[in-house]
Each structure stands twice: as C-alpha cells, then as structure tokens.
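Same chain, two partners: chain A is paired with chain B first, then with chain C.
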Partner chain A sequence: MHSISSLFHHTLAKPWIWAFIGAFAVWLATIIFTGGQGAGQMLTAALSFATFSVIVGIGQMFVISLGPGNIDLSIPANITLAGVVSMKLMDSHNEMILLGLGAALLSGLAVGIFNYTLIRLLRIPPIIATMSSSFLILSTAIAYGRGLKIKPPAALAEFTTTHIYGVPLLAICIVVLAFILGVMLHRTVFGQSILAIGQNPRAAKFAGISVEYVRFCTYLLCALLASLCGYLLAGFSGGASLNMGTEYLLASIAVVVIGGTSVAGGFSNLPGIWGAALFMFLLVTMLNTFGLSAGLRLMLTGIIIVGVIILSTRSKQPS
Partner chain B sequence: MKTVQLMIASVALSLSLAPLGVLADTSDKKIALSNNYAGNSWRQAMLNSWQKNGQQAVADGVIGAADAFTTAENQVTEQAAQIQNMILQGYDAIVINAASPDALNGAVQQACDAGIIVVSFDGIVTAPCAWRIAVDFAAMGQSQIDYLNEKLPKGGNLLEIRGLAGVFVDDEISAGIHTGVKESGKFKITGSVHGDWAQDVAQKAVAGILPSLPEIAAVVTQGGDGYGAAQAFKAAGRPVPLIIMGNRQDELLWWKEQKDANGYETMSVSIAPGVSTLAFWVAQQILDGKTVAKDLVVPFLRVDQHDLEEKLAKTEKGGVANVEYSLIDAKKFLAEM
Partner chain C sequence: MSKNKKNIVTLTGVGKSFGAVKALQNVQLEISTGECIGLVGHNGAGKSTLMNILAGTLTPTKGEINVSQVAQDQLYNVAIAHQQGIRCVFQELSLCPNLTVTENTRVMHASLQGWGWRKKAGALIIDMLDEIFPGHGISIKALIDDLSLSQRQMVEIARAFSITDTQLRIVILDEPTSSLDAVVADQLLQHIRRFVSRGGACVLISHMLEEILSSCDRIVVMRDGTVVAEKNATDFNRDSLVAAMGSMAREYQHDANDDAASKRQGTALINCAPKLQHDEQQLRVYKGEIVGLAGLAGQGQTEMLVQLFSPQKSMAFVAGDRQSDGIFPLWSIAENITIGSMRNLLRKFLLDKNSAAALASHWQQKIAIRSPDLNHNILSLSGGNQQKALFARALASNAQTVLMDDPMRGVDIGTKQDVYDMIRAEADNGRTFLWYTTEFDELKHCDHVYVFRNGEIVADIPKTQMNEQRILQASFKASAA
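Right after this comes the complex of A and B.
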C-alpha cells in the first residue's frame, strides 16, 4: 500500500491535467471561431453547469473507486426524487429552505440505504441493484410529484444563480465541498480504505478494514451527493421536473473516467472531475457553435472524448 | 370557416345520435393501451386523460375494460413483448404509443393476425394493418415561422431548439421550420441546439451557445424547452426574445407573468396529450363496426395571446394544455376526416 503522501503526490501527478487541457482547447477553438465574442460568458455558463456534474461525479467516483462492479445507476432517479420532494415541501417559501434541504438529503439517505440493502442483503450486483432501485425511486417521484412544477423559493433561486465577477457563487461552494471531500479521500482512514478496497478487497480485509461498512458509507455518500444535486438543480432551473436527472447518468460516469479515475477502482482523481465537467460542457458548446449537424456532432463528441481518455491514461504512471 | 365547421359538427352530431342505441355492441370488448414512456409531464397528462376517460367509459358500460400499460425503459423489445402479452390476454383492441415506427411491426402484425384492432397515435407504427392517428409535425414547425412572419415583419436572427436527435418527430418539426425560413427569406437560423424536449437540457444547451450568438429576434422550439430557454437568456443577462412555447403549464405561466409585466407576446403550439382519448374512441368505433380510414391526422393545439388566460386556467399545475375527446367529439372528428 502507498503511503499517504506518495498517493497524494501520485494522484496530483498528471492524469487530471488532460481534462483541463481539453477544456481549455475546446474553449479556445470556440472563441477563435466567434472572434473572441462571449469568451467570458461562456466560461461562466460552463462553471454554472459543470457544478452539477461535479457534485454527482464525485459521488460516482467514490463508488467506482471501490473496485470492479461498483457503480451507482440510481443517480438520475435520486436527483429527481430529491428535487420533487424538496420543491413540494418548500412550496416556494423562503423560510423553508433549510427544511427543504433536509428533506432532500433525507430522501438521498433513504435511497442510499435502500441501494446498499439490495446489494448486501439480497446479494444483487450493484449495476442491477441500483438500476432496479432507480425504477422504484422514479415511480415514487412520479406518484408523489405527478409532474408538478413548483417554483423554488426566491432566495434559493437567487443563491444558485448568483455570480460574483462572473464566477457562480454555487461553483465556489462546490469547489470548497470538493476540496473537503478530497481531503477526506486522501487524509482520512475512510478515504484510504476506499482506495485500499478498490485495489484489493481481500488484502484490505486482512489489513483490518471493515470492507462492508466502508462500502455502505460510500454508497450512502454517493446518494447524499446526488440528492444535494437534485435540490440545487431544481433551485437553479426554476423547479423540479420528472426528467431533470436523465442526463446525469452518463455525465456522472463520463466525468469520472475523463477526469482520470481508474474504472478498475483503487485510483481516484478528484480535481480531474472539475476539468472533465468543464470539458464536457465546452465541447458541446463548441460543436453547437460550429453549427454542425447532429450526427456529426455526436460522432465528434465520441472521438474527442476517446482522445482525451487515451491521453490521460497514457500519462498515468504505473503504480 | 367557423360556420362550416359548426355545420359539419351538427350534422355529425345528428348522425351520431342514431347509433347511440347500439353502443352495447362494445360493452364486453376490452381495450389496452401500450405506452412506451411515462417520464415527462406530457406523458403523465396523456396517461391521466386515458385513465379518466377509460374509467368513465367502463362505468357507462360502453366498453368492458380500458387498461393502460407502460414499459419501463422505452425499449422496442420490451414493448414488443408487452404487445404479445396483450394478444395472449385476449384484448380486442390495442392502442399504441410506439417506441419506434417500424420496429414493432412484427408484434403489431401478430396482433392483427389474431383479429385484434391496433390503433397507433403520437408515436405511430407503419404496419399497414394498423390505424394511425398522426400529427403533421412539419406543419407544426412551419406554423411557428408563419407566426413570426406576421409578428416580426423585419425578420431577424433565430435560435432553433431541437428535440431528441435521431427521433423522426425532431426531424419533421425541424424540416418544417427550415422550409418556413427558406420561404420567408427574412429570417436566419444563427444557432441550433438539441434540448431533448426537456427544460433542463434546453437551458444548458442554450446557455452554452448564447455567448457566441448575435442579437436573437426569436427562438423556435419543439415544446417542453421554452421555459428553459427563457431561464438561459435571463441568466446571461440578455433581453429575452420572442420564444415560441410548447403548451406546458410552466411555459404558459411564465408567458402570462411576462405578459402582465411588460406585454410580452408570443404563441404556443403542441399536440394535446388528450389525443390518447381520441385513439381510445377510434378503437371503440372500429370495434363497433364503423369503417374508419387507416390514416388520420389530428390537429395541433395552439394557444395565442388572446386565449392564454383561458387555456392556462384550464391547464393543471405542472401539466400540459389539453383537449380531451368524448365519443361525440371523436365521431365529429371522424366525420370531418
């Protein structure tokens, strides 16, 4: 096992830089195309939207780091349920903001516990367990919300959309949250246990790590982050809708992989998630700005993502 | 025009009064709805309309059963299996909102061979034995440009928000818009993004492309994306242009707020989710022995400046502006075809 400092150094070494280089390159290509027009606003928009991918991306990263087979497919349903539950509870009242946050996190907590119960007690592989639980969660959201679009409280909408010199306030908050989670990953026993399990669950068990307890906490953490995302996203986009989480299934996995985290587990890369989330948004923006046809756009998206992943995995040093 | 419609309606009405006595013909018949997706407000409204109308029809003794089934994953294979189950369960008619226009044809043919009436709507199937209640999506796209021609005589730059890439509805609406733009000659589509008919996706896509765009005179849409576009313009601190809406309650409500605040003008067009009730009655009429043409075109539902308040008041919170068909409406519709 690596010592803490070498792992920290190792993680910061190289792979994550490629996502940022990719983001910068597509941004540059876009503003060259527009003749410099809208360069700043484009970054502001990218930061605003990347924030949401980052929140769920970090959760997914923790789960994927647990090793082969670990993944959470219930993120979109979880986002939707948290958004619907909190918006309905708050009913646009400012004084209910904290209560709404509490309700969103509670729904996330319930989802996390339910997911782990399926995985552990019924011994269902995570990919199947979280997929089937997402049907149940989404059905709950449909039954509870009935497609109702309730506006978020004004103060929450304000908080999620405020900019400070072009930098979204929410993005700053999530950078702080990401930093705290990064410290947790690299400086605490819990974080190191996740990586140890991802590298070799048997060895981790013999080393005295309570493997199942750590897995439980990790799925819980991922579910909590997804519900936080649902709460903030509903505030940001003027209410919860039944399909608000849909695009965050692929996004949560893509930012993890492009960000340089090993799909095989045991090797996390938190800063890369920010780079990858910015890259994904700016890439779509670039192809939209170029005005290419939908087919060509999707094709180029695929090719460029594969390119960045190859670059980032090539630069990964053998551990 | 109005009077002609009224005349046809009254003729249809008087014609329809006669066979009311023989309605019992279908009282023991069972109709099933095979639906491929339920995860947005339009589909929820569509299912609600079906349920309300179906329960009433069963209570009135017009039909034996009107059960609705929705597949979980919007998969062709899943829906084909669902249709096969319906054949085995002995339904007399199957009403389908299909995941694919041609991939379900095998299962649809099996149903037809078993003597089952198949009526498809919205997401139609191409199997010749089935009935189709389709929407002229291209005309829907073109109607947006017709409106803009009147509203913005000087023309200007347009931002186009498209639907889900690869779905024929998206291609049709977009083709209609582009035809309209070409014919008008006053407008230029300066940007085009895919909003997947979802507010959040549309907001994200518009926010991304907006900084690179010149002044936008109007946004042409496909429904379910107008509110998200408005949010993106607001967040970017740009004046909100004329955005065509898609009949969702949140879109209409936003329009109403803007109208009250600054006299904002636009129009809204989409298809009414209550088309499921039309499909239901068409199936019932065929079971009743009526001859019905295989290809029917349902009109789209449009909301204008003058009837915004009225239509908004009738639209459920979180729902979609709707028109539901009764048996009499359906007969009127069939008589006009």
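Right after this comes the complex of A and C.
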C-alpha cells in the first residue's frame, strides 16, 4: 500500500506527467460527450498529427535548452523549403524516395549553417536572425517551386499514412527517434554540454566545453529535424504547399513549454513533448466536438494551456 | 601641529567580529580638528570596517565611541554620525544611478525641501564641484548612469564636502583616487589640505603611498584588524611604511626539500605576456610548478588566467566567483563534479553512470565534501563545500595544468590546509598549477611568484627570494613611476 502511494507520488513529481494527464482528460471528456463514438479514430488521428509537432518540438527543445535568448523561428520556412525541394526532385517517382530525403536534409543543413552564421558571425540575436532568415528561406522556396503541385511518390504517401492496429507507423518510427535523441541528451557529451551551457555558459566554458561548437551543432540539429518534418509532412498531406509550415511556429514552442522544459534553459524534458503534442491536438478536437463558437474555443484553449503549465511547474519545485 | 587642536572623535578598544572572524581587535583612534590622517594596510587589514564603524554603518561588538567627549551607545548610527558632522565617501559608490546629480544631492541633504529645492540643491553641488574640481565638465542635470566612473566619484566627493544646515567636521575618503586620474587626484588632495587648514578633519584611505606621505599629517598602519603603527607622516618613508604593513617575522622559511629551482629547467610549459605588458617580461611556467600570481586584488591576474585558459591544452579552471563562473545550479553535486571528466567516462559513445558515480564519491572522500548524498542539488552545500566540489571537478579531470582564480574565498581554514596539501601532492606528481591569490600565506605554497599591478607583471620572484615585504613593495610601486 505504502509503496503504491509512494510510486504514485513519485510519478506525479515528474513534470512531464501533467501533459499526459491533460491529454487523457481531454480525450475522456470528448468521448463522454460523443457517447464513446470515435474514441479510437480520435487517438489515431491525434498520434498522426502529434508526430509532426514532436519532430520539430524536439529540435526547438534542444535550442531553447541552450539558455535565454536561444530560439529557432525559421522552422516553418525550413519545413516548406524541404517539402518543396524534395517533392520537385522526386517528381512522384518511388525510386527517388531516399534521394528526396537526402535533398530535404541537405536543405535543412544549409538552413542551419545559415542561421548560425547570422547569429555568430554577424552577432545578431537568434530571435531576429532566425526570423529574418525565414523570409529568405521562404522566398527561396517560392522561387524554386513556383506554381508546382507535385504529388509525393506513392510509397512515401503509403509509409506516412499506414496504420498498424490503429497506430500510425510513422508515430512508431518517431517514438524510436525520440528515444534515441533522449539517450543523446542524457548520456552523451554533446547532450550534457547543451544542458551545462543552458545553466551557466561561463561556467561551461571554464569546465572545458566548446560552447560555440555545441551551439552550432544544436542549431544544425534543430534545422535537420525541421527539414525531416517537411519531407514527411509533404508525403503525409499529398504534396508540398507554401503555407504547410505555418502552424508549426507556435506548435514547436508550445509543446516544449507545456512539456515541462525550462524556458530559462538547462533543463530539457523529452517525454513531455509527446504528451504536450497529443494534448494540443486533442484539446482542439474536444472544443470542436463541443461545437463551441470560435471566440470561446480560443479562450478555453488559452486558459487550459496556462492551467497545465502551472500544474507542471508546481510539481517541479519540491524535487 | 596647531596649538588649538580639539578632539572630535575617540575610539577606544573597538572590536568587530563577523561570526568567528575577528575583523577588528582593540583599536584605538583619535581624530582632532585640523588634521588629515592616513590609514594604510593590506587587503583585509580592517581599514574599511573601522571606517564603517566610525560612520555608523556598522555597530562595533566591543569598545566605545566618543564624539565631542560624549560616549555614544549601541544606537549610534548613520543619522547620528551625520548630525555630528561625520561623512563618508565609500569605496562602493553610493549614488543612485537613476537620479540626476541634483537629485542625488537632495537625497543626502534633507533640509533642501519645499518650493525650489532643485535650484538650491543644484547650486550647492555645482559650487562645490567648481571649488574642488575646476574644469570638471559635469552637468547637474545629468543622470548618474550617464557619467563616467571618475565623474561619479567626483560627484560623490563633492556631495560629501557640501554643507547645508548641519556642521561638517570629518570626511572619510575610502580609496577616493583609485578611479581618478593624476590631475584630478591632485585637485582632491589640495582641497583636502584646504579643508584641513580651515579646521576640518579627514581620514584618507589609499593604496597610493605617495599620496598618503605627501598629504597626511599622521599615518595609522593597520594589519590583521589591529593598529600596528601610528606616527607623524614625516617620520615615515615609503620603505618604512611598507615594512610596517607587512609582518617581517613571518618571512618564509626554506624547507629542506626545497627543489623549486630544479623545476625551472628545459622549456617552459607556458610562455606568455599579459596583454598590457609594456616591457619584455614574460610569465613562465614549468611542468610540475606551482606558480603564484600576486598583487592587490583586481590588477589583471584573473584576466591573465582567462587569457591562458584553453581546454585543448589540457587545462582546468577553478573559479573563485563560484556563482558566475563555476556552479551549474540545476545539477546535483555529482554532476557538477563529473562534468569536467566527461570524456574519461565514455564507454563507446555513452557516458557510464556507474563510473561517474564512482568518480564523484571517490573525490567526495578525498576532499571531504560534507553531504549525505551526492545526488542532492549542488546548492544544498555550503559555500565552502561548493568550492570543494569545484576543486574536485578540476582535480578529477586529467588536465595537466590547473588554473585557480583566487579559489579560497569563503573556505574555512581547515579545508584550506587540506587543499594546500592536495595541491602540493598533485604538483609533485607532475601537475602544474597557476594560482591567483591575494593572501600572502598562500603564496608561501608557490614555487615562483609574479606580482601584478595595473595589468602588468611588475616583479618576478623565485621562492628563495620571496618575502611579504618584497611582494608589498612591488604591489605598491604604483605612483612612484
């Protein structure tokens, strides 16, 4: 009895648990409203859409963990560029799938290097540097893919939309990727360096960490994940479009914050990103199902998100 | 000097303790009208503490304060001191940066009130500035924040000398010239003489010994919280003053196993000059040596260490300013220790948690970090124990050279002794140490000492020739040049 209650308290003390509790509660409220109808489909849809928020959210999490002032606002433009470039290259041919992935990642690599160059060499604060670079990136995407509406290769569309017993195949792959990145965060020199820099960059330098090299790699990683997201998203939604990345600017930041990562840097929370991404999707679904007016929906979204953040930061303090 | 000198303040048997630390012990001091007293001593000799007691900002733990032959009780404070005409220009400037020069004048003079106080305060301060520092170029409407450090110091000084309804009898100046250039400093010293000749009294604290010798009537020398010498200024010269400040008795005694010279052979591990060095003097460090960087606080020693630090050359750094340069506040004690040794803890690509825990607990025992559990947050430790964790971080790494930035601040004496022994043992095993310290006792553990002043190396002293007097002599050579 005692051990069960202590396990219970131990679990509640984890800051990421609140995002999952929130997601579960919202899901429960919705299926009670619909009388159990569509409970399964709703979860499948949530997993499908959450997957894309998770991919970019993880990248944003690493960048935010570098400490105050670090953020990547070029994620939406990056998603679009990678989608457009890879779709045009593959031109709906199945045998070009891997080449398309390579092209998407290369465009992400270029974006990451460009962002860091602005930040480091021109000494522009990341928030300004990545915002202005996103205009350039988006313009490149427009120039490159003018008027194009190319369908993704059938095999890629198939891969991104297949379900296994209601669980999207893509979601499984991204869970594995998230796990690998989690190990990287906690068990490699690179991951620990990010957290050290986020807490105290001067102390990190004196502890022998190459601060600027680690920052470079982190912005690069974030850009690579965003371009991966662009590639998969274009496959999932039947082609690239110029506004395909728009909603991922706020989503990438929101899932990091709701997931329990410290905005001040130095503390990352990877499992929480999954919880937060599911919660965000299910919350919108619930409010739509209730048939509320648009104004009320937005208001409730705001209130509920603030509530989850308060709960998760409260539970972080005692530990 | 003058026949009709009148006693203003007498301190008798004054003592002050901060916890177990005795900052002042049994100090006697008399201040009379028409004299300027010079107060000199090493860092931490108790000069500022004594002046804080006189100005009412600190309450003495022992002794008596008599102002105008009236004994003051425990309630003696800044307001009473002010009423009695005792003012102080502190080392840390006390102006409000978000207010103008005029407004800051009003802050000190409560009598400037009612309609037109701004005009009165402005006239008061500008007249005083013009009198003391002709050609100062300060606008009374300027925000303190927009003034240079030396302009702020001028405003602070002028404000202390300005008079409204209360009398002004004693002005205490704590290192007033440290941020002033030579011309302005001279203006100040002339004003002090004028003020004194009109019957005022000054206490001047300064590391510039020439200033003290030329401007003061009487010189009081402090060391380790007591007054060790008090004579007319004419009875001192530079050398005797320096000698009085340092203790001759504590000269270094050579060990039998003193092999300092033998390490200075072959090629130097580090061969480098400070950025501000004007001559050919170099900092040379040989393998296995403990090299001390000495001098007064903040003379470019930390900058030298930062300039040298390069992890690629197998170096580790022990921060003196723990909070800003050393601690990772979200991490446990163990994580704070092992962050410096990450590359040794890798198994294939991943950090091995067990090896990390073993390394941390090995160093906990070796350096005696007092904590029940190394997984507790680093901030659960006392300051001294946090410092030990930082030592452990540097020593646990396989860095061949360890740079130490005055690392013993806030560390108790027992721990210090342990760490000294550990440093010596590591040096004997071939590790090299660069050690910035402001305490002479720590320099005794060094094989070679470089004295810094104004960002330059001014003396290069091997262990065999090292004594406190020589180091002080070099530290203060300042305005002689």
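Keep this in mind: the second predicted complex is superposed on the first by the 302 of 319 C-alpha atoms of A that agree within 3 Å, B and C clash if a C-alpha of one lies under 4 Å from a C-alpha of the other, contacts with A are read in each partner's own complex, and residues count from 1 in each chain.
Basically, contacts are C-beta pairs under 8 Å (C-beta built on N, C-alpha and C of every residue); 3 or more make two chains touch, one makes a residue touch a chain.
Worth saying up front: this structure is predicted, and the values here are computed from it rather than measured.
Aligning the two structures on chain A places chain B and chain C side by side, free of any clash. Look at A:L311: by the touch rule set out above, it reaches neither chain B nor chain C.
Contacts of A:S237 after superposition: chain B is touched, whereas chain C is not reached.
With chain A as the common frame, chain A serves as the apex of an angle whose CA-centre rays point to chain B and chain C; its value is 120 degrees, to a multiple of 10.
In the superposition on chain A, contact is made by A:F267 with chain C only, not with chain B. Of the two partner chains placed by the overlay, neither chain B nor chain C lies in contact with A:L136. Contacts of A:A207 after superposition on the shared chain: chain C is touched, whereas chain B is not. Residue contacts after overlaying the shared chain place A:C217 against neither chain B nor chain C. By the touch criterion defined above, A:I172 reaches neither chain B nor chain C.
In the superposed pair of complexes, A:I113 makes contact with neither chain B nor chain C. More residues of chain A are in touch with B than with the other of chain B and chain C. Figure legend note: chain B and chain C, brought together by superposition on chain A, show a least Cα distance of 34 Å. No residue of chain A touches both chain B in one complex and chain C in the other.
Considering their complex, residues 309, 311, 315-317, 319, 324-331, 339-340, 342-343, 346, 349-351, 353, 393, 397, 399 of chain C touch chain A. Across the complex, chain B is touched by residues 30, 33-34, 37-42, 45-46, 48-49, 135, 138, 142, 145-150, 161, 233, 237-239, 241-244, 246-247, 281-282, 284-285, 288-289, 291, 294-295, 297-298 of chain A. Residues 183, 187-189, 192-193, 195-196, 199-200, 202-204, 206-210, 262, 266-267 of chain A are the ones touching chain C in the complex.
Residues of chain B that touch chain A in their complex: 38-41, 44-45, 72, 162, 165-166, 191-194, 196, 198-201, 203-205, 207-213, 227-228, 231, 235-236, 249-250, 317-319.
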